[in-house]
Structure formats: structure tokens, C-alpha cells
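Chains here go by letter, A, B, C and D, matching the order in which they are written, and residues are numbered from 1 within each.
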């Protein structure tokens, strides 16, 4: 059976929704929201089908597709000098991220019910964003990757800038500038690679780089890797490059933050693993200690700052920084445990932050505030929401039995093997994570109620869908981590092969 | 039966899930779900325990997580210690479930309470059948969460919120120690399995320094969970939770998990004298430290809490002095009498609606049932001969003496004196004399509450006879059977230790009687004499204040410092760059003033700069 | 380089030309500036003679020293300029001057490096023989078309200048 | 053969050009600016004439071009002054600072 149509359909299926939306009248709020939600379903179904395909024991390479696309011919006109192919493919790692994207996108479409105006434009941009995200994770060559990468930027910019809270424009611009600069650096790297090797196919590049007679000197490779680190470090974000992300997390509407924190940040991690580690393994090794230090700084810096924030969204924003530190720690370990931990953390944090931000959206919808102090004692009025909030916080602080623990554990397991002292310093982060999350969550849910929360409606109806699905996934990964680890084995082996370990 | 031991933790988990989903509809009937399912656990545990008397250890495992070539496993193991712990935990849990039906009657969140109890029991039972460190750690944390949820059960109370938070964070500090220790030992032995670790340690595959380091790190985990100095402060605060919870978690089971952990990893600790000495020293110090605080507290539950801390110190002392059996034995008897004491205290609180012992008094006649049971518990913990506490405490003292720690032995003896004194102070103040506070409608608790107490009372009396110097040390022999590394089943000690222990505890009781019972000695005799000391004790040696001052303020200060960096440095650099670009733009737009000369000047200067550069570099930019 | 008459003539002419230029920059009155420039133009004519270009020299004297200078003087007299150059110069223009001066010096340096390093060989030539004749031959044979274009250009500029400078306001006339 | 090297003439032309340039870019009187431009043109003419004599292939062409340049310069001066006149009539100034109508 030829399955090469699957990925193209998967990636571009949200476009169908855009087309339908384009012909709908602006004012039919309910219908637009419903169509927007429906349009995310084909991608979800296909992603799950691909996962089922994998579970059935068949090869993921069935999905690979390659087509001639752009070619530059020389004067002689025979063989193209540079050719770019339209190449999509799936590995275990990509499969996981595609499933994550599809799930979070569908749930975020549900969360988009809180959007107050211009639903049509919102959902069209939203679906375009989904195309970009799915494309980023399935692209098999750098130019295609870059194009999809840029596709994610523009809709996000508008989604933040138009539908956000009070300082939305500022947040949107700072998002665009940081990420635009990041992608400019990325483009330079891609172009240098293209010019020097004549290909942008990732697997081919990996092979060329592994060849000692590669047309790139070691110094150039190191430089390219550092550039990649900066480009994806903006996205991740790594310590001094993080300030845009705080604004975005605070100002963007909940469903966009779910996407943003759940998936867009993960592009940074994905890029670092797939390109940084995949294409430049030897150079990555030289930088490992630096990356580990950056990771520990991220972890502690985020944790300490989250400890004194008064806005719960800020707490979550800094907590994202802190948790991305764990990704770096895992990567820097350069062994199976660490890398697997990093990938787990990518998926796990995607789910957890989507859950928490959805709950923030729910609370904000009802109380018009996300300040910890103003929300004190909300467990009285909304016990179920408070319960899920607590569960989300527990997952985030790495409670065993939930996904956060497995990733944190493996990342530290990895780093303790390589750099035990640094890892020991990093464990302070574990304590601080508990401290700041409990401070914030207990401050919101427990204690004396500052005002009457009686009138507020608890979670109801469709709101249960995202919350329950996300919580269930988090617990599933925590209890039975093999759902993630088994698709990853092949990817890990490839990476470890590159690392020569 | 043992191959089905994995079912034991699943019953309470089932209870948790059922109550979470439909608890609201069941209302107070949800208690029956909890009680029945824990009863099932208890029955299974008893069966497993009896089977273990004759059968060898059962262990099974399966792959849980694969990391490259490393296969981390999960599974369960029924050895002597685990079987005993299963029995203790499921017994106390079952009794507390029953008791709570009466105690929590009328509470709005009754089903939630039972759901939490189920979660906790699940975690605790899971903890004690774990065959490897990783799984232990997982349940270890889950136990912490159960405890956290139950302490914060009255979530609308600020104190409960603070106490829950404190409990979680303080134990987490310890847990990180365990976390690091666990990972370090893993990379040394390539396994989390207890058996593998012990084998590697015995074979000398791990360096001595590494053993000491990991053992101490793991012990830090135990310190956090078992409320040992210096991480003890959360335990007294945890008394904000409902009293049955205090009985279950903070007396009988969870706090004993630290002791259990050290016991389970005993071969590792035995491989390092330094680690053992650390355990013993911390244990002995905590024993006397907490006991001295207990002397002056006025909250009935807090007195019991400090008493718990102190008794846990005893157990640590025993383990640290190589008295494996003594420690585990005391763990068992303590579970019985301390749970009894807490349940009885709960019954008292239930009757008089206050926790301040200064407002009680004369309850002996009014609480015909609770009073004698409380007395049994008090006698047991004070080490009066014939009751369970006497035997186990004696074992510990012998172990300390034989272990060659005369100073620690002395400390333990003094702590025993303190224990007897403050326990009887509590007893006399609550049950004898005249009623001091407003006491209307004082009534005995319903039988649902007194029956569990009765069961525990019986066990508190006879529980010690399984391991005595007189009738044979059945428990000890069984515990160490087939594993020489754990030491002897019974340590012979000089007879004077037993006499000394008896004399000391009787002295304590006599002194308490003089002051609080007969009142022939003025109550402020001591506090007046040592005013400063009294204040220090009343304020628990200012440990909390010290932490507040040093740790909390440091963390806050550091955080604000980082925020300063974040706002001014990081943002400042960003603003600086933005400002620079903007300035450049403004300058550029100023150039566009419409005057040809300016345009010409700019263009020419640019040209000149290029020309100079080319002239200097010879036409090539290198 | 030998000390010949030609050399002295060159040095003297160059000196006059440069002094004229410097005076152009530094004198206060506009009229003086223009007059200073006449020296330069005449000196340049001398330079042309040194370069065997008698006809060009003659034209230089006629057009520059004569025609253009006169036009400029007329221009000055017709417009009433203020003479106080630079005193009202603002801070910004002072900075601009300094920058520009540095730029000019740098430029001069760069070009001088170029000139210095540029080998120019000298081949005997016969330009001085019948120079005017040769120029005429070249102009009317090889460069006839550009020559005619120049005449068109001059005519156009003549008409253009008249139209531009003519008073077009009728009110002005009526007064 | 000449005893004065070509570079001497070129250097002279360079100096005059720089003086003219500086004047053209700094003087505020438009007339002087125009004159400075004439000076620059003259400097160029010197170069043209120099290269007609020096170099590998001396030829009359350089001189012819110098003549053309002069013609163009004359035309430029005439038109420039005419523009100046009409500007002066409208603005009553020949100050170059104020001539920025094209900006808007």
C-alpha cells in the first residue's frame, strides 16, 4: 500500500478548514468555532492513525515522500546545480511531536471558545499556524523546514497582537523581532550548509558531516552549531534570550499560549536535537559542558524568579524557562538517558503547560484576573478546577506517576553520569520547583477566600475535554512511559551512532 | 498468596478512583467503599504475612522503561520486612478508615477525605513492596503527596495551607537527597534493584567513599520523611490535618517510611561505618531534642507529634547502632501505641472541641472508654514493663550500648525519662483534676471510633511479646532469617540496662505525678527555675525562626536579586540594543533634511571611508 | 627630478593655484573669493601650457577666467549675499565640517596612495607641435558629432537660462 | 620629455579637487558652491590634459575632452546661475541651508 499521501494530507488538512471558513459569514460565532474545531480533526485522526501504524509494527518510512521541487540549473542546463526537494517523513521522534501537535491543536481549538471577537480571522490564522507546526515536525529538508518555521511565526504574531490582553502589541512585536532574528540566523546556517554541500536533506547532511572529508572545516562546523544554538535558543528559550517569551505568555490569549508553550517552544528543542545534535555531533560534544551550564542556569533562574511572581501566568512563564533547562540538561548529558529525558520533557511539558494554561484561561474567563492574590481560596467555589490545577502543578513539579517525573528523572540520570557536580547543583531546581508551584497554586486555591466565589460555575461541559484528555495523557506517560520510549529507540540509536557512543 | 501481593495496594487505589468519580453521589456511604477495600487489603496482607512465615521471599518484575540498553524494571517483592510492613500499614489504615467514619461525620468533603485516604494507603502499600530503589522513590513521593493533601484537607484554613506546603517542601528537600543518592548508586552498580546493589556492595565493586556518600544521601531522604533533625519542623505543623490522618500518616506509617528505607537498605549502610554513625547520631540527637520540646507543649496533638519525632529518632539510633531488629521492632510497636494515642486524642478532641490541654482536665470520668485506652498507650510509650514499648525500647538501648556508643546510650536514656514525663504530664492534665475550660456536652465517641482504638490497645499491650528476652525472639529471628548481613535476631545485653530503663521511666512518671497529678510540686517550679530554657523549649529552639530567617529570606533575596538582573540587565541589554537601532534610525532620518550639502557630505564621507579602507588594505577585505 | 625651468614654473603655478583655492575657502567676502579664484584659473591655464596644451590653456583663460568669473560676479551682485560666512554656523554644522574635513583628508590620502603607486610611463609625444591645428583636426573629424551636440547643449542652456532668469511676474512689471 | 612627473600634476589636481569638494559641501552661499564645483571640474580637466601627454599612448583626445568639459561647465554655470536668480527672486536668499523645498 502506498502511504506517501498521508503526510501531505496530514500537514495541509487544516487548509481545508481555512477554505471553508473563508466562505462563511463573519457573524456566525458558533458555526465558525465549530468548523474551526472540526478542521483540526483530520490531522489528529491521521496522526493517531500513524501512531497506530507504528504500534502495528510497521515501518514509519512508509510515509516518506520526496518530490522534485525547486531546481537551479547551471548555464549548461543538464544537471541541476542546486536542487531542493519536497520531502516529508516521519521518525519515532517526529511521530511523537506530530501527535502532540495534533492533540494540543485540537484542544486549543476547544479553548478558543473564549475568543471574544473576529472568530473567523482567528480560526483562519490558527489553522494556518497548525499547518506550520505540523510541517516543521515532518519536514525532511532544511529549506522546507525553514519555510514551515516561518509559517508558524506570522500567524502567531497576529494571534497575539490582535486577540491578546492589554499589552498585546508590545508582546507581539517582541515575539516577532526575537524570533525573526533567530530565524535569520537559522537561514544563514541553512544557506551555508546548502552552498557548501549542495543539499539540504537532513539525513544526507548527517552523512556528509560524518564523513571526515566533508567540505567544512571543524571551526566552521562549530560556528554553525553555535549559530544554531542561538537560533533555537531564542525559541526554547535559553537564559539571556528569554524575555520575549514572558510577555507572550502573559499577553497572548489562552488557546494561543497553549499552542505556544505546548508546541512552538518545542520547535527549539526539536531543532537542537535533530539538527544540532544530528548534524554536528562532534561539535555538540565540545559544547556539552556549556550547554549543561546553560541548562542549569535556565533551571535555577526560572525557578527562583517564578518564586516571587505575583501573576500566575508569569509563574508559568518562568516555569517554562525552568523546565526547558531540563531539556538542555538532558541534551548536554549526551547519553541515552539524557537525550531520552530531554525528549520526554519536550512532550511532557507540552502537555502539562497546555493543561495549566487552559486552566488559567478558564479561571480568567470567570474571574477576570490571574493574580495569585486575587484568586486566593478559589477551591471553595470551583473545587474541580482547583483539583485539576493542583494535579497540573504536581505533574509540573515532577511527581512520580505523572509525565514530568519520568523526564526529569532521566535527564538527571543522564547528567549525573557525565557531570555529577553540575547535576547536583541542578537538583536545587527540583526543590525550588516544588516551592514556587506550591506557593502559587496553594495561594490561588487554598486559604481563606478573599471574595465570594460562590457564584462561579465550576468546569462544565466541553471544558472537561481538554482537561481530562491532557491529564489522562500526563498520567499515562507517567505510569507507562513505554508509549513514548519505544518509538524513540530508533531515533536514539541514530543519534547515539552519530555521537559515536 | 504472595504472588498476588500486588493486589494489596490496588484495592485502596480502586477506592481512590471510585470515590474521585462518584464520591459526590455516595456522600457518607463512600466510607464503606474505603473501609471494605482496605479490609480486603488487610486480609490479603495477613494471608501474605502468614505465608511468608513459611515460604521464601517472592520477587517478580517486568520492564517499565527502556533507556538504550538499560532496562528499568518495576515489580514487587515480599520479604520479611515488606510482609511485616504490609500488615502494619494495612491494619492501621483499615482502623483509621473505620475510625474516620465517626470522626469526620458531617464534614462537607467527606468523600474527598476517603479518596485521599485511599490514595495515601495505595502509595504507602506500594512503597513497602517495592523491589527497587526507583519504585521506592516513586511511591515515596506519592506518599508525600497523599500526606500533603490530607494535611491540607481543611484547605480554607491558612494554617493548614502553610502546614501542607511546608510538609511538602521540607520532605522534598530530603527527597532530593534520596534522588541524588539513588542515581549515584545506579551509575555505580548499573541497577536500581536492591539485590543487585547489595551484591555489588558486598563484592566491593563500589568504592568506600561512594558507599558512604550514597548512604548518607539516602539517609537525608529518610531524615526528611521521618522528621529527623534538622528537617523535623514540618511534622508538628502537620497536625493541622484531621486527627485520624495524624494517626495514620504522621505516627504509624509514612513517617516510619524513613526508618523502613534505612532498614530496607541496611546492607548498604552496614558497609559504611561513617554512614551508620551518622544515622545513630542524628537519631539520638533527634530523640532527646524532640523529647525536650515535647516537655512544654500545650497542644495535645503537638505533644504527640514531638513524641513521634523523638521515637523515630530512637528507631534511627537503633538502626545506626546495627540493631536492625530493634529498629524494626520499635517501628512496629510504635505504630500500635502511637496510632492508639492519636486516635484517643482524636476522641478527646471530638469530645471537648479543643486541642489545648490547659483547657481540658477531669475527663477520666466522662470518657470511660477513651481514658483507659489513652492510659494504655501512655504506659506503653513510657516503657513500663509488660507493655509492648518496654520490650522494643529495651532492645534499642541494648543495641546502642553494645554498638559502642555510650554517649548516645545516655542520650537515649534521658530521652526515655523525658518521654515518660511528658506523656504522663499530658495524661494527668487531660484526664485528672478539675475541668478547666468550658466543657459542655462532653460525651464518649461512638463505637465506630472506640472499636479501632480497642484493637490498637490490645496490640499495644501484647504486641511486644513477639520478641522478648524472656519468651524468645521470634520476630527477630524471622526478620534476619536467611540474611546474615542484617545482624543477629537478638542482641544480648547486660541485665542492668533493662533495670535502668525501667527505673528511668518510672522516675519520669513519678515526677509527672508529683507536679500534675498530686500537685505537691508547683507547676511553675521548673519553668520558673529555668525561665530562659523554658522559653526556648516553648519556641522549639527557634528552629522555625532560624529557617525563616536564613533559608526563606535567602531564597527570597536571591530571587529578587535575579529579578533585578532580569528586569535591568537582560531587559536592559535588549532595550539598549533597541535604543541603539532606534537612535541610528533617528540619526538617519535627520540626514534626510532636504539639503543637498548634507546628502553630499554623507555620501562623500561614506565614499571616503571606503576609499581609505581600500587604500589601507590594498583593495581586498580579508 | 631635476631642477629645470619647467619644474620651477610648475611649482610656482601650482602654488598660485592652491593659494587661490585656499583663499576661496577662507576669505570673508564673496567677491574676494571669486577674485581669488581667478588666480587659480589663470594658474591652471599655465599648467596646461606646461602640459603642451596651448589651445586648452587659451580656452581656459577665456572661459573660466573670463566668462564664468564674470557671470559669477554678476550673480553675486544681483543677489545680495551676506558675507558673514560661517559665523551663524550651528553646532551641528561645525561637527559636519570637522567630519567632512577628515573625510576630505582621508579621501585625499587614499587617492594619493593610488597616484603614488600608479606607474605612469612617459613616452615622447608631439603634442606641442601645431597643437591648435591638431585639436581642430580632432574636433572636426573624429569628434564632430559630440562637437555638434555640445553646440546644441549650449544653445539649450542659453535658452533655459534666459527663461529661468526672466521675470515672469506681471505684477512686478506693472509696478 | 618633461622633468615634472605626471604624479605631480595629478597631485595638484587632487588638492584642487579636494578644496573644491570641501567648499562645495560646506559653503553656505550658493554662488560660492557653484564656483567650488567649477574648481572641481577644473581639477578634472587637469587630469584629462595630463593623461593626454603622459602614459603609454599620448594623444590629443585628452585635450579634446577637456574642451568638451569646459563647454559643459560653462553651460552648467549659466543654468545654475539662472536657477539661483529665480530662487532668489522667490525666497530673497541665496543661503543654501534654506533651499530644501524638494524635501516635502
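By definition in this document, a contact is a pair of C-beta atoms (placed from the backbone, for glycine too) under 8 Å apart; a residue touches a chain by one contact, two chains touch by 3 or more.
In UniProt terms, the chains line up like this: A = NADH-quinone oxidoreductase subunit M; B = NADH-quinone oxidoreductase subunit L; C = NADH-quinone oxidoreductase subunit J; D = NADH-quinone oxidoreductase subunit K.
Just so it is clear, the structure is predicted and the values come from calculations on it, not from any experiment.
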Between the pairs B-C and C-D, the one where more C-beta pairs touch: C-D
Distance between chain centroids, defined by C-alpha means - chain B, chain C (Å): 99
Where chain A and chain C are represented by their mean Cα positions, the distance between them in whole Å: 70
Centroid distance [mean C-alpha coordinates] between chain D and chain A, Å: 65
Chain centre separation (chain C, chain D; CA means) in Å: 5
Chain D: positions in contact with at least two other chains: 21, 25-26
Multi-partner residues of chain A (each touching 2 or more other chains): none
Contacts with 2+ other chains: residues of chain B: 601, 604
Chain-to-chain touches, reported pairwise for every pair that qualifies: A-B, B-C, B-D, C-D
Sites on chain A touched by chain B in the complex: 240, 242-243, 301, 304-305, 307-308, 335-337, 340, 377, 379-380, 394, 399-401, 405-406, 409-410, 412-413, 416-417, 420, 423-424, 427-428, 430-432, 434-435, 438-439, 442, 445-449, 481-482, 485-486, 489, 492, 496
Complex contact set, residues of chain D against chain B: 21, 24-26, 33, 96-97, 99-104
Complex contacts: residues of chain D adjacent to chain C: 1-12, 14-16, 18-23, 25-29, 31-32, 34-36, 38-39, 42, 45-46, 49-50, 52-58, 60-61, 63-64, 66-68, 70-79, 81-86, 88-89, 94-95
Of all residues in chain B, those that touch chain C in their complex: 598, 601, 604-605, 607-609, 611-612, 614-615
For the chain B and chain A complex, residues of the former touching the latter: 63-70, 134, 137-139, 141-142, 145, 152, 155-158, 160-161, 164-165, 168-169, 172-173, 175-176, 179-180, 183-184, 186-187, 555-556, 558-560, 562-563, 566, 570-571, 573-574
